[in-house]
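Would you mind keeping the following structure in view while I ask a few things?
By letter and in written order, the chains are A, B, C and D; residue numbering begins at 1 in each of them.
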Amino acid sequence: MRFIRAAMSVLLLLVFSATSLRAQTWQMPPENQRCPSKWGAGDQRGAGNSMKPESVLRAAKLIKTGEIFELGAVLSTDPKESFINGSRVFNIYTKPALPIPNARAENEELVVTELGQIGTQFDAFAHQMWGDSFYNCFKLGDIGTRSGFKKLGVENVGSLMSRGVLIDIAGLKGVELLPTSYIITPEDLQQALAKANQKLQPGDAVIIRTGWSKLMGKENQRYGSVNPGIGIAAAQWLVSQDPLLIAADTCCVEVRPSEKPYSLPVHAMMLIQHGIYLIENLELEALAAARAAEFVFVVQPLKLKGATGSAVAPIAIR
Amino acid sequence: MRFIRAAMSVLLLLVFSATSLRAQTWQMPPENQRCPSKWGAGDQRGAGNSMKPESVLRAAKLIKTGEIFELGAVLSTDPKESFINGSRVFNIYTKPALPIPNARAENEELVVTELGQIGTQFDAFAHQMWGDSFYNCFKLGDIGTRSGFKKLGVENVGSLMSRGVLIDIAGLKGVELLPTSYIITPEDLQQALAKANQKLQPGDAVIIRTGWSKLMGKENQRYGSVNPGIGIAAAQWLVSQDPLLIAADTCCVEVRPSEKPYSLPVHAMMLIQHGIYLIENLELEALAAARAAEFVFVVQPLKLKGATGSAVAPIAIR
Amino acid sequence: MRFIRAAMSVLLLLVFSATSLRAQTWQMPPENQRCPSKWGAGDQRGAGNSMKPESVLRAAKLIKTGEIFELGAVLSTDPKESFINGSRVFNIYTKPALPIPNARAENEELVVTELGQIGTQFDAFAHQMWGDSFYNCFKLGDIGTRSGFKKLGVENVGSLMSRGVLIDIAGLKGVELLPTSYIITPEDLQQALAKANQKLQPGDAVIIRTGWSKLMGKENQRYGSVNPGIGIAAAQWLVSQDPLLIAADTCCVEVRPSEKPYSLPVHAMMLIQHGIYLIENLELEALAAARAAEFVFVVQPLKLKGATGSAVAPIAIR
Amino acid sequence: MRFIRAAMSVLLLLVFSATSLRAQTWQMPPENQRCPSKWGAGDQRGAGNSMKPESVLRAAKLIKTGEIFELGAVLSTDPKESFINGSRVFNIYTKPALPIPNARAENEELVVTELGQIGTQFDAFAHQMWGDSFYNCFKLGDIGTRSGFKKLGVENVGSLMSRGVLIDIAGLKGVELLPTSYIITPEDLQQALAKANQKLQPGDAVIIRTGWSKLMGKENQRYGSVNPGIGIAAAQWLVSQDPLLIAADTCCVEVRPSEKPYSLPVHAMMLIQHGIYLIENLELEALAAARAAEFVFVVQPLKLKGATGSAVAPIAIR
């Protein structure tokens, strides 16, 4: 295993010396080059494996004030209060009790929604496939069912707690919002980190700010169709830093429209090729306003068996 | 405010000197005696207000090894793998992509479920009312809508992080499972705490173990209809300790059938009268096996606007 | 019973001599004046009782050519093809089979929708209440449940087959579409009938054409918010003709905005006061183009126990 | 076209002289032998094409008394009142209005169900495929979407009105219920018809009675897993009679378990190979008790665009 990782590092170096010149040349490697993943044949947790008691303990020591920042957006049935992506739905149907004089009664609600892919949300590996092949080369014919996936479902993830680092690109550029479809480069990432006096470490939750969460519920059409985000080159540099997950305050983490000729190549790179999680639609304004650059990041995906992801409500603690 | 709390303490003393003799005499106080709540008129967060940066910081210092225990049950559409309560449903409908040769495609799923009240779940204050009156005397006619509640929804809660204490009653009694409908007493709670060398502190997450989570997915009919749990007297003693929340490895935290003549009186006492949260259907076997008595408890309810609760996947960290 | 109906006729005469002068004075009668309904205490079928073997046989004799006109609109998830009212949803989630080489496999779909009140739809009596009181003075507290109504559900209706008469007001006025919010008068109805050489008979399905079905899927916003339709006076005249049901090619059969100071008074008059069914959102263009004025009308509401109505696909046969 | 039908008749004769000897030899013909269907390339209505104004007029003349028999089962959320097949769901969530004193308010409901395949239900051609190939050789890759099928959806069917014939096999055998898994033979069908003094005609709705609808809501487990029904030979004889549709008072019309080595071969034969509709879960007891052997059959599938079928509430009129 150690040998494989060493070999992988060499390979990555080769890949990156090539890709630094022409990022657009990324291609999904053939299956025999990407499987088994660096976490081993049959692995379903990818970068989640980098979280260990030691890393949790190290992260916990970053808590200096106990201040908590809520990074999840409220999920409302009112489109003026929430962003719902495309044809997805989020509906709450109250099942009210009829009140009983001087006695207890209870209310509940039916919720109908694409729960794995709604609101602030966590992408698990069952979400994406290349042809019919998922992370670690699980195949659709083997793992797909009408009621979820037999492998790679979000129930394999568990709570993630790690060092979190905010890479504030909107702050770096001094703008409220990054321009529509701005492609964040490796240099942008590195400069924002340097400005915040931070370096990435393996196993980090990397949180990228564009300022765009301000548009959720206000300009849903725009927010949902085009957005600034990391391009292929920035994604490749991030992969080289061995992160636990990549998150952003946009619909898709990565830039849209995608760099030609791809459709969401960073999704494929992270979720299929490298086993790195994505989190979309974070609220980052309070975190940025507090100049919180390094913190503990905690996210608790629901244990929805076989689901492609989960709505989440992550926090940063410092 | 300080005055009110002092007065309240006196009142509680009076109440408890009375109730220690005859616990079954609990009654929901009239509105003018329970409203405004001790957290102030219009308050929607109840005991959630006890969480402050200092308490989070204090809790974080309890992390000694970085070991994480997952306390949430997997939510499966297969009743052999999950407990679904009564007539509620939990259905995942895969929305699979048709694979595209040598290109990315994405899967998602529609989920139809009573999301506020399913699986391991967190009860918010909109869940329970007495007559038409909720926590802090919000009224159904004022806050109820067909798509959620205007006040007291689970989106007001946010992530909770606090000291957690396991009160292992099954361990105290030396049994795998507490007997069906066993009523946990104040003395049981106190003895189990003493055995673990712990004392409750204000703002604690109190986690009560009966051993019954072993029945989920195996004996759903039994698990869902009757269970051991705290009775009225134990609940009143817990209230006197000012907890953040009460949780258990049963459907209802409190004993079922309920002590006559009530229907789930502890739900009414905690969620309506005192503003203390409940968490149901925890998995506590690994935590108990590791003899983890004191730890950090973290739960992240989804921010479902106006919902009565949320499926959750809490953790203990030590 | 005969006595009651005779007395009722006298009463109606009195009412109408009054209301012909000032139609806007309609008021819901107090309960002791409208209950029991003319169909008897406890009756749940209202005007559906007027259908008898003799009336079916009489209707069948109207079939002269065997030509069938489909009056139901296609229910599509694409808003460019269907009209979905307000915040209601109509979603189809395919549950596709994975194909098996040289063997049978089967597809199905989950449908999530307000099925009682979607598309071309039939209103049953559980749909409307005055205060907490329904047709025949059934009470919400007695018949309401979280999963339907114990009385007055659409399963009590059964298939309806009767003489149908098209009252083509758009044709009478020589317009493609009646003007927005045009109030159809008793005189309009009578003139259109005279032009078509028809008279209403007790038990008829009365079909009113405004031309507006042409807007479904094309101008949903307009179609769903304002429309021409019968006013209070026309509704009262129709009631005096003892119809089985009133139907139209608009969202609401009756004019919108409603005549002041009411909200959908014709709904209240028909469904609560008189027990006469309504059908909304018919497609009537082919029927009108064929100058079919008298025909057999057949509608088959689904037998959804306790539901307030049903999506339907009625036909006219001549 | 006439030539093709003549050729088809010859072919059928050949097929049947063979199959009468060994029914179990049925195989799905290769695509070039079954496509285009006898109704022409691109046809989506199959046997629905046999319905014409003349056939409707002919059927209408069968109405002698105006008596209507409701053949649809009530669809209830209570499993003691309805049969819900396997893992399908039928849930009604009332969306009640809060009553307003002395004013109108309206109730509605959300319904969540496999609407194309629930209760008394009509199978359209998108329901079944052989490999990835449907009726008339439409292909899954061409017509499948996440929200229905682009071709062969139930919206293509329209109301069906035709002569109906009851083939009462339980009556023929003099039993309340046919034995579990009894295979109805061609001879059974012919004897029951002879006993009722009826002959099948092209375009008939063929209604087969086993007595099993009595088990719906009472023995759902048994009703849903095994049942008497037509076998391959009986199905082939029925195909030779050119019916509009085949219906029965069982879950599946055809016998279960299926004759080896097939899985529901009659579904494949009718819906894929021959374009003949199926209707399942009829209530036939009242019809049989009235000895109604010949009647008008009317069914109105909902116009659910792209759906595999529809819940229905058909009637017989005599």
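The definition used in the following text is that a contact is a pair of C-beta atoms (placed from the backbone, for glycine too) under 8 Å apart; a residue touches a chain by one contact, two chains touch by 3 or more.
Because the structure is a prediction, the values reported are computed rather than measured.
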item: Equivalent interface positions on chain A and chain D, same or different at half; value: same
item: Between chain C and its twin chain D, rotation from the CA superposition, multiple of 5 degrees; value: 180
item: Chain pair equivalent in interface to A-B, over half of contacts matched, among A-C, C-D or A-D; value: C-D
item: Whole-Å separation of chain centres (CA-atom averages), chain C against chain D; value: 29
item: Whole-Å separation of chain centres (CA-atom averages), chain B against chain D; value: 50
item: Of all residues in chain C, the ones touching two or more other chains; value: 89, 91, 93-96, 110, 112, 144, 146-147
item: In the complex with chain D, residue positions of chain A that touch it; value: 87, 91, 93-96, 110, 112, 147
item: In the complex, chain C residues that touch chain D; value: 28, 52-60, 63-68, 70, 72-78, 81-82, 88-89, 91-97, 99-117, 119-120, 126-132, 140, 144-149, 155, 158-159, 161, 262-265, 267-268, 272, 298-309, 311-315, 317
item: Of chain C, residues touching chain A in the complex; value: 89, 91, 95-96, 98, 112, 141, 144, 146
